[in-house]
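After the structure tokens below, expect a handful of questions from me.
Each chain gets a letter, A, B, C and D, in the order it is written, and its residues are counted from 1.
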Amino acid sequence: MLSFESDYIQGAHSSILHRLCETNLEPLVSYGGDKYSLSAKSKIKALCKREDAQVFLLTGGTQTNQIVIDTMLHDTEGVVCANTGHINGHESGAIEYTGHKVITVEHKHGKVNANDVSRLLFDFYSDENHEHVVFPGMVYVSHPTEYGTLYSLNELESLSAVCKEYDIPLYLDGARLGYGLMSNGTDVTLEDIARLCDVFYIGGTKVGALCGEAVVFTHNNAPKRFFSSIKQHGALLAKGRVLGVQFDTLFTDDLYFKISRHAIEMADMMRKAFAQKGYKFFIETITNQIFVVLDNEKLEQLKDQVSFGFWEKLDDNHTVVRFASSWATTIDDVNALISVL
Amino acid sequence: MLSFESDYIQGAHSSILHRLCETNLEPLVSYGGDKYSLSAKSKIKALCKREDAQVFLLTGGTQTNQIVIDTMLHDTEGVVCANTGHINGHESGAIEYTGHKVITVEHKHGKVNANDVSRLLFDFYSDENHEHVVFPGMVYVSHPTEYGTLYSLNELESLSAVCKEYDIPLYLDGARLGYGLMSNGTDVTLEDIARLCDVFYIGGTKVGALCGEAVVFTHNNAPKRFFSSIKQHGALLAKGRVLGVQFDTLFTDDLYFKISRHAIEMADMMRKAFAQKGYKFFIETITNQIFVVLDNEKLEQLKDQVSFGFWEKLDDNHTVVRFASSWATTIDDVNALISVL
Amino acid sequence: MLSFESDYIQGAHSSILHRLCETNLEPLVSYGGDKYSLSAKSKIKALCKREDAQVFLLTGGTQTNQIVIDTMLHDTEGVVCANTGHINGHESGAIEYTGHKVITVEHKHGKVNANDVSRLLFDFYSDENHEHVVFPGMVYVSHPTEYGTLYSLNELESLSAVCKEYDIPLYLDGARLGYGLMSNGTDVTLEDIARLCDVFYIGGTKVGALCGEAVVFTHNNAPKRFFSSIKQHGALLAKGRVLGVQFDTLFTDDLYFKISRHAIEMADMMRKAFAQKGYKFFIETITNQIFVVLDNEKLEQLKDQVSFGFWEKLDDNHTVVRFASSWATTIDDVNALISVL
Amino acid sequence: MLSFESDYIQGAHSSILHRLCETNLEPLVSYGGDKYSLSAKSKIKALCKREDAQVFLLTGGTQTNQIVIDTMLHDTEGVVCANTGHINGHESGAIEYTGHKVITVEHKHGKVNANDVSRLLFDFYSDENHEHVVFPGMVYVSHPTEYGTLYSLNELESLSAVCKEYDIPLYLDGARLGYGLMSNGTDVTLEDIARLCDVFYIGGTKVGALCGEAVVFTHNNAPKRFFSSIKQHGALLAKGRVLGVQFDTLFTDDLYFKISRHAIEMADMMRKAFAQKGYKFFIETITNQIFVVLDNEKLEQLKDQVSFGFWEKLDDNHTVVRFASSWATTIDDVNALISVL
């Protein structure tokens, strides 16, 4: 069975496993103070070109969203995001669990529009009874989005400008950041993100690591006692090395970017093949996720040969499904897929 | 520098790394539905001799305590534990963060005494105003305790009896469970724990894994929608295989018990040497943790040659320190330690 | 200045004050065990024609919503309501503060449509990944709604049927319940509500009391230890008599219904006058709230003579404002209002 | 039956009821912006002699403790109090419900000792692993305490000095503040409290009001968006006048102090009578609460003639009970009590 259902069906890039083995018996400081964690953080800061950035390594995406949002928001604040945002629909209420409302705006191709945010904030502060309403205290975007789409530099700059105008942080969920940065059509760089966002994370779990996300506070703005908050949320690993070694490896010799680029190349091959064979796309994407509309017959035929992700039922006769490439997808995998399309 | 400060200064047992590498490229179901997770759970159930046990794999100890306690308690309930309990003093308030009080009883060698719990429960229900008080809704014990001590079978049975009398669950934190089970002086088996406790966890992080704890609900008593609660607490790994492969390896060919036994043997050698050289023990232990009282001069002399854990200042001239062995401690390490004592 | 901005600008009905004075020095049991609280609860149960109803007296509406929703929902659940629902937009996130998501459906005249709820529930359970999503665990409606509209009996029955089908409670926020029950156009009685809802509250604050809301669990379904939960939420009054005497008075000699009816009559006079003088209604209502569209000129002219509630800006030249009658509105007030329209 | 079981068995002082009736039909701004609330706050500020004080009116004691503590503490912080503190034992976990640990020190006659707090803070910051521990972020004292005892000025100054040294707020729970200030033996004034504490509340519920507590932040240090936080905790009354009129009346013509003084005089009479008749006191108090040790026989005999509060069982043959006077206790009541002792 060919497997294209997600970008987390395999383990870690071999270099990561290699380094975990190599460093395994070294006695290291616990709770993230080890030299590999420090090195990883230092490399990430350098890549971001932000001297005043602060980097923390966490284990998973929902955990990261929960901790970042909870610690950056005041108790009276909620987080603004697209109605399609991961925090709104697929994290079992992890944000609300910490006491914060998720305030939605209607997505445009999975994205938050700066004008919509601007209007929401303007209306909020225009309402003389706004002290009875949850304060919009942060804007959350994902890049790539849940629909595999990307913000343009111009769109990110507009969002950043709105956030600055209202003095609230802009947070970018980069669970698949590598696949966004290495896409052919993007004009957004890691430096841009580090310049425009107040906080973001570089996803490891979906980009070559066993687990792990690197949170970057971009201008010395990590919340007070963030280390203790991590512990309080149950997210502090005793063996911080597990994350440190992985991210140190990912950011050595551009590994993170190379394997992301590879996934994009595989996705581009797949996209081309889908198009040539007459498949309809549900949405145009340039990252590692491809959303295809299948009719029932095709769906039945394909699902015995290849596994893919169910996205949504479009109508009685059509279903949207997702094919994802990843750092681990091989040309042979892609060719095999093409042969059954 | 010799390293004895804790049992989490090194990575994972080589068999675990080996299996992670071997299985790395297999496409597997995510979120814990993979065959290795299922196999691990199945092996653990078999070892517990509880057909109706339910096993879940989580990442760390504080995370596990937080989720288990939060999901098993009613909102009006708190958890009873020793004042020395890990959840009371070393988890940054992770339990209170979820809304639950930690209700303490005075420890006896790090342990909770069944009579104390019985009296607390009796007094609580005797108080006609107890509806204004936090309900004691669970008893938490750690085994080994934070002081490296162990409950006897008789003590556990008494605690279990009190809990049953008041119909509240008994929860055992087994962060270092292997070192307890393999201690020479214990009369408590894994089966006993599975029989007497309502829920407990088998620690992986401190016993040979990179990370991971296996929670066992012993009689089909996992809280409603426990999977969703794990997600909501930010604790669900996309690549559940990371935990599955590790625990499957730990419970293949008795690896967990063998490496725990090894650590005990190393600790016994160390204990003997400390005693022979006239060191005073702060508390008698039979597990992998040894608490020694050092005077200031000795402390200064040793700390340049060996790293150990600071425990507490006893008086102006004496300090309690901890030496821990682990699955990774070698005889050479121990001999080197002995030579500098 | 004439005052029509809300139904809580004056104190309490004179009968309530009279009874508070009369009973003032009687020594009474505290925390709601007093005879007036018991009598009030008994009268409410009788009116509901539910032998197995359980009644609790709380102080305010947001408090009531917070406690009822928090105690009835499982941690993994959220509450479904109209996007215009009070809990969604005007309670400073009191629901999310307790860890629960407010799941919105698009309102129809301020109301939740049973078909929309049915579809939401069907889609939720059809989604194979729904364990990663907040469970819809309750339906919240307000009656009258925030727009002053009312559910028909048929609409309530449909909502109740959907809730029963999915085994989730239907909760009715009756902050202004009296004004709904006494409206000319309604076919919904208190008995209907008690039969169709799992829990609802009878608003006192806006219907003649100084403060106070009476929560009715309709079929012996009060959450476990609800009393302790009230205390835990900081909502237990030491002098429960304050609420007991008020509700006992409101439900003696039909006072609650009589004063509600009076408010409706006043509103009907106002509605007629607005219509006759050519004012446009923003929405048709039959309760004590009237939403009128004013152009800027009229707005400026009126606001010096009468106070009303700002609702929303419709466009650059028009504003929606609210005029509310209440138990305390006199015919003289209404005539004075009419004379300035 | 004579009633001495608590200071909240009766309604409100007649002047309060009188003013509620007098002002009843005035249309007033809601949510605490009414002139009576403003006047009450202004009077309280003047009495405190703190130009920069900020006053808020809430409904009950547990509610007040919950909101003040939750909004003043950082998420990583807990509140230090005596193990006998009301927040520790009698508020159903209202503090932990908001995510904060209650950190206890052993009481001395119901009081917190400054040296104990100093040592706790010193030890906390001396612990190199304190980032894994809940930060002590506030000191809570009650005055009078739950045992009816009072802090001396010197004791309060010492506590204040420790708090200032560690830069954490000192919070005084004045549920019965009037009875403390008007006690014969105290050297603490309202001005002292306003000078030494960062926040405190003046209890109304137990000192002549139907309900209500006035929170005073003493130096322009009210938490950010405190109004919205009150709403979020479900504690904002629509008819703020209910609290405003009550506190405005209590602080007109020294009513609060006069009725408190009266209660003290009644208690002094009772104390004298108990002593003369050979009753043993459980603890010496100089406020309105008297703790007496009764043997079983006396207990049985008295309880048919007078109601008193059960405090605790001392041994098989003795019980501690509480007799409380209040603003409403009459000389006739006291004489009747004395006649049955």
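Everything that follows uses one rule, which is that contacts are C-beta pairs under 8 Å (C-beta built on N, C-alpha and C of every residue); 3 or more make two chains touch, one makes a residue touch a chain.
Bear in mind that the values here come from a model prediction, so they are computed numbers and not experimental data.
> Where centres are the averaged C-alpha coordinates, which chain has the largest centre distance to chain A?
D
> Pick the pair with more C-beta contacts: B-D or B-C?
Counting C-beta pairs in contact for B-D and B-C gives the edge to B-D.
> Based only on mean CA positions, could you tell me how far chain A sits from chain B in angstrom?
33
> Could you tell me the distance, in whole angstrom, between the mean C-alpha positions of chain B and chain C?
Between these chains, centre-to-centre, one finds 50 Å.
> As a quick test, compute the distance in whole Å between the mean CA positions of chain B and chain D.
Centre separation, chain B to chain D: 42 Å.
> Of all the residues in chain D, which ones touch at least 2 other chains?
75-76, 91-93, 97, 131-132, 228-229, 231-232
> Which residues of chain A touch chain B in their complex?
Residues of chain A touching chain B: 1, 3, 6, 8-12, 14, 17, 20-21, 23-30, 59-67, 91-94, 97, 205-206, 210-211, 228-229, 231-239, 241-242, 307, 328.
> Which stretch or stretches of chain D touch chain A in the complex?
Per the touch definition, chain D meets chain A at residues 70-71, 74-76, 131-132, 135, 224-225, 227-229, 231-232.
> Quick one: in the complex, what on chain A touches chain C?
Per the stated touch rule, the residues are 75-76, 78, 89-93, 96-102, 126, 128-129, 131-134, 310, 313.
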